[in-house]
Amino acid sequence: MLLDVKDLEVTYGRTRAVRGVSLSVAEGEIVTVLGSNGAGKTSLLRALQGARKPQGGKITFDGRDMTNASPATRLAAGMALVPEGRQIFVSMTVHENLLMGAYLRGEGGLDRDLDAIYERFPNLATRRDMKASVLSGGEQQMLAVGRALISRPRLMMLDEPSLGLSPLFVAKLFALIREINDGGLSILLVEQNTHMALDVAQRGVVLELGREMLSGSAAELAADPSLAEAYLGAA
Amino acid sequence: MSGYWAGLLTLLAINVVFAYGIYLAVAAGQLNLGGAGFQAVGAYAAAWLAFEMEMPLAVTIAASAVVTGVVGYLFAFPILRLKGVYLVLGTYAFAEVVAGVILNSDSLGGAMGMPVPTFIDWQVPVIAAAATALLCFYLMSTRFGLVVRAVHDDDLVADLMGVNVPRIRVIAFGIGAALAGLSGGLYAHAYSFVEIQNFNAALSIYVLLYVLLGGAQTPWGPFAGAAFFTLLPELLRAGLPALTEMLSALLGKTGVISTPDESWRFVILGVVTVLMMVFRPEGLITRAAIERLTHPRRRAKDTAVEVTE
Amino acid sequence: QETIKIGNLVTQSGFLKSVGETAVTAFDIAVGEINAAGGVNGKQIELVQFDTGSDPKQAATGARKLIQDDAVVAILGPFSSGETRVAMTMAERAGTLMIPTAASAPGLTEGAEYTWRLTEDEEKQFGRLLTALTASDIPHATAEIVYVSDEVVANSAGTQLYPAMLAKAGIETGEPIPVQRKSFDMSAQVAGIMQKAPDIVAVAALPDSASKLIKELRRQGFEGRIIGSQIFADPQVTELFGEEGDGTMVVAGFWHGRTEQSEAFNTKFLAEVEARGIHKLGAHHTDAQAYDGVYLLKQLMEAAGTTGDPAQLDEERAALAAQMEGVSFSGIVGDDVCFQGHDAELPGYVIEIKGGEWTKFAEAAADGCE
Amino acid sequence: MSTPILSVENLSISFGGLTVIDDVSFIAPEGGRVALIGPNGAGKTTIFNLLSGVYRQDKGHIRLGGALIDDAPSRARIGLGMARSFQNIRLMPHLSVVENVMLGQHSRADRPGGMWAPLKLFGRSPARDEAEALLADMGLGTWPGQEVATLPYGIRKKIELVRALAARPRLLLLDEPAAGLNGTETAELMAFLDRIAGTGVTLLVVEHDMSLVRSLCDTAVVLNFGRKIYDGPTAEVQKDPQVLEAYLGPRHAGEDAHVA
Amino acid sequence: MLLLQQIVNGLMLGSVYVTVAVAFTLTIGILNFLNFTIPTLFMLAGMVGWGLAYFGLPFGLSGPLPWPLALAIGIAAAILCSLVVERFTFRYLQTKYGDSTEHAIPLVSSLGFLLILENLVRIAYGGDAQRFPGPSGDLTAEFGGLFFRVPQLVSFFIVLALIVGLAWIMRATRIGRGLRAIAENPDAAAILGVETGRVVPMVFLLTGLLCGLAGALFAVNYGEVSPQMGEDIGSKAIAGMVVGGLGSLWGAVAGGIVVGLVEILTVHFFGADAVQVAVWGALLLTLLARPQGLFGHNAIGKGKL
């Protein structure tokens, strides 16, 4: 297993956001984490990236214990996060934001990767030297995804990447996810767009109030009636 | 009442009024590092009216608040276009200019200062402090208070909510200035002499610290901050020698123990400030703390997450 | 009660710490001596000290505490004029004798009833210097005045006393030139002075500012004399000024070689401050005045028969204050010292800094009182 | 025909030479439900910013209820009956949930309690009661005392909507109200918005979730690169080749593809 | 001629302010942090240098040290203290809400450090001004009838060299970008692998170095140090920084010199009493008329709606 999480606990004061969640992502696998608002998905990813210290449990990445490692160590080992709410640097230009993605990896092959990003997100290419603050919501989301891609991770953790993207781009995004996965990248995907997430993923985990409620292969989950009722809406 | 406590209460009450003056500006998101300037305006207004015009106490005290309020209000119009560090520096510059102007004006005594005829004992400042605190609690509980806090959090959105942001800022700053001026008027009469050298940058810094360390989220903050920072050095005045004696005894040192350098008091004050910012950056008293105290059960239920849907 | 309590407002911290803290040592030495010799009226005396932190507000609080809570018979201090202005209103209201031993702002004690200061007037001291100067062969036809404008004593000396007195002595002066307490660069002022090339520069400033000014004057090539009154008459300045200080003339209210007692105090004082971790070259006149302040109070208490009995506090305070009227006192600063108005008449010693040494150039006896 | 509540006439704005909105006109009829859609960076949020006065147009006019509001300052517009929510949630982090909602009442002439009347006298006041009732109506009744900063994304999104409603607007501008909500939650939101629209409030909704757009809105205005490329019934929008090309992508061609 | 000399004097004085103004603008520009310990670091280098040259190392470890060595240690002390300050101010900063008072947190900490350091120095060395035993001999150079201070010239060129280097680092290296990222959003920076604990100390190291250097050169230049020596310089340097534009390195250079000139020319034409009003009044006017200063500006906000 590339990523192995055992009994993870995340608390904020007296709020227990994640309560003993276990999950794993194999090399080259896409795993999706589903759940309603406040289920603890973001908290889980923040703990995995090291932005929040877990109160209990164990995180292993590629055989190394990462439970208390710094975000930089994790990133260097190959874990990258596209955080909720984009978190781009609004005082920097689009290009500088992308360069920030390469902060740890160094300059080797950077130009090629940058070109690839610009090609994939033409909106960013035309706004290369503009301050990121003037980007539209969706463009900012593209920037956040592009920035994470630049860091050349082995495991990419995406927190609601389709948020604010137009249907055409959502489709493009999922195609991209599939494509980079084909290139061998593992992906941990948090999504509200349940259908598409289950469509692209091999396995899924459903969180409810910080606990693991359901888990299984994507196909099983997609067929699960309780899930359909809870997350897929009446539609 | 002992003379020491009478003196201390006077000082405390003046500091509390002063701190509330700065608090109102900070609550609306304006760090005012020109407190000493506003207090000086109030103090000199009261002193001049009492000494040169021989006005009665009630008039001079009221005038100290009104004059400073008007000065603050007028100053607020241009200066509140600034934000963040720029505003901090603008208010700091204001205090320096006030000091420079007073120092150069012979009719206000220049460097010589000015005596103030009518003496007030601790009761007047204490009543003024109580009234100020009540006023601020009331103000912050009204829609005005809500709007002030909204402006603090996000002025752009507050504007779109229909809030007249510049007006709210100017009012908060103006009332704050009036209170700072009032504290100056009290100062003038409680200490019977005003000298511009005492209204210096250090004073501006201290009063801003009262507010930020006490906590700018609720009107309890400035009170707690002023009380803490007025009383802490006094506690240390008595406590420091005892502490050194204890330490010396522990180390087996006997004989005459020299009293510790008084500067240690300020060192400790600095250490407390730094530690506060590390462990409680939002100040001694936060909204959450008060919420917990007043609604212990409701909080517990809210945070239990189980209640989501 | 076993002791007679005396209040003592001191400055041990804050921006006046450096000038104020040594006076504490002088107070302590005097009290130690008096108690070792059997105390006053058969009782030991006790100093109740209160640090004002250089802050007038604290001085006022301290005065109240000493008067109301500690039942002291009188108060020595506070240190600076600013603190005294505020603290004395408390003493006046409570009818308690207050003796500041360093505050020298002109007119400070005007209208006071209970405040008497043991310090000499700037005007007198400067006059003594001018007398010595004009009698000497040092060139002195023209002078420029430099003063610190945001410091009370220096300001009034520089803008009022010095111009008037220099004119009276027949020395031509220009418009007084201000500097600020905080400023460290005096090149602009000095460049202006150099243009006029005076024989003398009269400086009204505390040691810090005086030092900067003197160094700048020498740097720009000024070769005349630099004079001052008491304000920076601190033996420490020989070190602070360094070689640029040579030839500077000031007036001090204390000369360590005046009597045996004076010399003894100076020696003892230096040893004691050293023990307290402070490095000094000689006692400042405010230290000597602090020491004498305690002895003056002892003399008053003996004359008034003060017992320190709390039951008779008000009477004893009043009696003690009444003793100040027409008092004559001899101590290390001078003999038969009397008070004109509420200010002491002290002798003056014109000092010249020569070869880095604090040397006596001339001296003048104290004036009499009406 | 009655005057439309909102009419946008030949609106244009450019930033530093880049034309972001180019001669856009459309109307929203009283009580209508209009969707404003388009690819990322098309200028939808910019239109909202022009309507609410954050930006000033270079050209064109905006009429609210027939009256020209070009010169109305941004803070006055909510008082004229136009409230909005934000794409990137902009709640006041230090205010509690209910306080945020009470802030929404600020612009109303008939708001409960004046500027100087306390909002919390022994824990109650008309303003607070009204705000709490509105929250309860939205299924947020259990959160009022909480500071908003730590709440989950979806909850904050809803609070923002309630805050806008507290202003009792005639025209409600919603910028991606369903972003970050899952299918069930989106359905709930839709029902809620439906109810609001039923009370006569006009909706102008920016949204990428086409299922919501289709079932909630009757007309759609589609922007691309700052220009209007479609203005007509929602039912037809998926048949427009230009829209398909620029916005929806081939997946949406023809009948109901799911985009839950 | 006198006026010309006064202009030279103003430039000389301005160059003293420049170094400290650059230190201020560095922390503001990069970290959005008004660091009030800067004047204290300046003072520390001078006072520690004096203490070592006068008394020697503490606990009698050595006799008086030669002054250049003492000053070098003084600079090291300033750097060390600056790093301690970093440990307790920026390391703990979490910009959670980005609201208008949050940026005050490190500012308040730095005010705390101002109290601590200044009073510790008073305890160790007393509150007096002290003569600094610098190089003997005349340090004034004459050129065309005008007097220049050599140490000031030297310090000015050292600072210029430092600034050129700094400007390059900020523009062209990833460290510069990492620093700006931390200042804007520490959380996001951490996610991208920028380690606050490694990068931010560099700024403080530079601040300490600049202030230490300025303090040391001041001691040599004016031959005097005191626990108060940073106060006036500190506030004038802030004024200079504002005039030049917050966060602009070259702005700070220009601003520092402008303030020096304004000060000296005000003394020349109106006397020292007018300086306070002139300098701060000029600053207020600059702020109101052109808040971004003479040279560009740096604004950190929440971005558009």
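Lettered A, B, C, D and E in written order, each chain numbered from 1.
Criterion: a contact is a pair of C-beta atoms (placed from the backbone, for glycine too) under 8 Å apart; a residue touches a chain by one contact, two chains touch by 3 or more.
Since the model is a prediction, treat every value here as computed from it, not as a measurement.
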Open item on the list: Spelling it out: a chain qualifies if it touches chain D and also touches chain E; which chains qualify?
Closed with: A, B
TODO: Taking CA centroids for every chain, report which one is farthest away from chain A.
DONE: C
TODO: Decide which interface, B-E or A-D, involves more C-beta pairs in contact, and give its chain pair.
DONE: B-E
- [ ] Could you put a whole-Å number on the gap between the CA centroids of chain C and chain D?
- [x] 76
Task: Whole-Å separation of chain centres (CA-atom averages), chain B against chain C - done: 35
Task: Distance between the centres, which are taken as Cα means, of chain E and chain A, whole angstrom - done: 43
TODO: Would you please write down the residue numbers of chain C that are in contact with two or more other chains?
DONE: 13, 17, 149
Task: Per-residue multi-chain contacts in chain B, two or more chains - done: 103, 152-154, 156-157, 261, 263, 266, 309
TODO: Quick one: which residues in chain D touch 2 or more of the other chains?
DONE: 45, 54, 86-88, 90, 93-94
Task: In the complex, chain B residues that touch chain C - done: 2-4, 6-8, 10-11, 103, 110-113, 115, 119, 187, 190-193, 195-198, 233, 237, 258, 261-263, 265-266
Open item on the list: Could you list, by residue number, the parts of chain B that touch chain D in their complex?
Closed with: 138, 141-147, 149-150, 152-154, 156-165, 217, 287-288, 291, 295, 298-299, 302, 307, 309
Task: Touch list for chain E against partner chain C, complex - done: 2, 5-6, 9-10, 12-13, 16, 119, 122, 126-131, 138, 140, 147, 222-224, 226, 228-229, 231-233, 263-265, 267-268, 271-273, 275-276
TODO: Please name which positions on chain C make contact with chain B in the complex.
DONE: 12-13, 17, 51, 53, 55-58, 60-69, 82, 85-86, 89, 93, 105, 149-152, 155-156, 276
Task: chain D residues touching chain A - in the complex, by the definition given at the top - done: 15, 37-46, 87-88, 150-155, 175-176, 179-187, 208, 210-211, 246-249, 251-252, 258-260
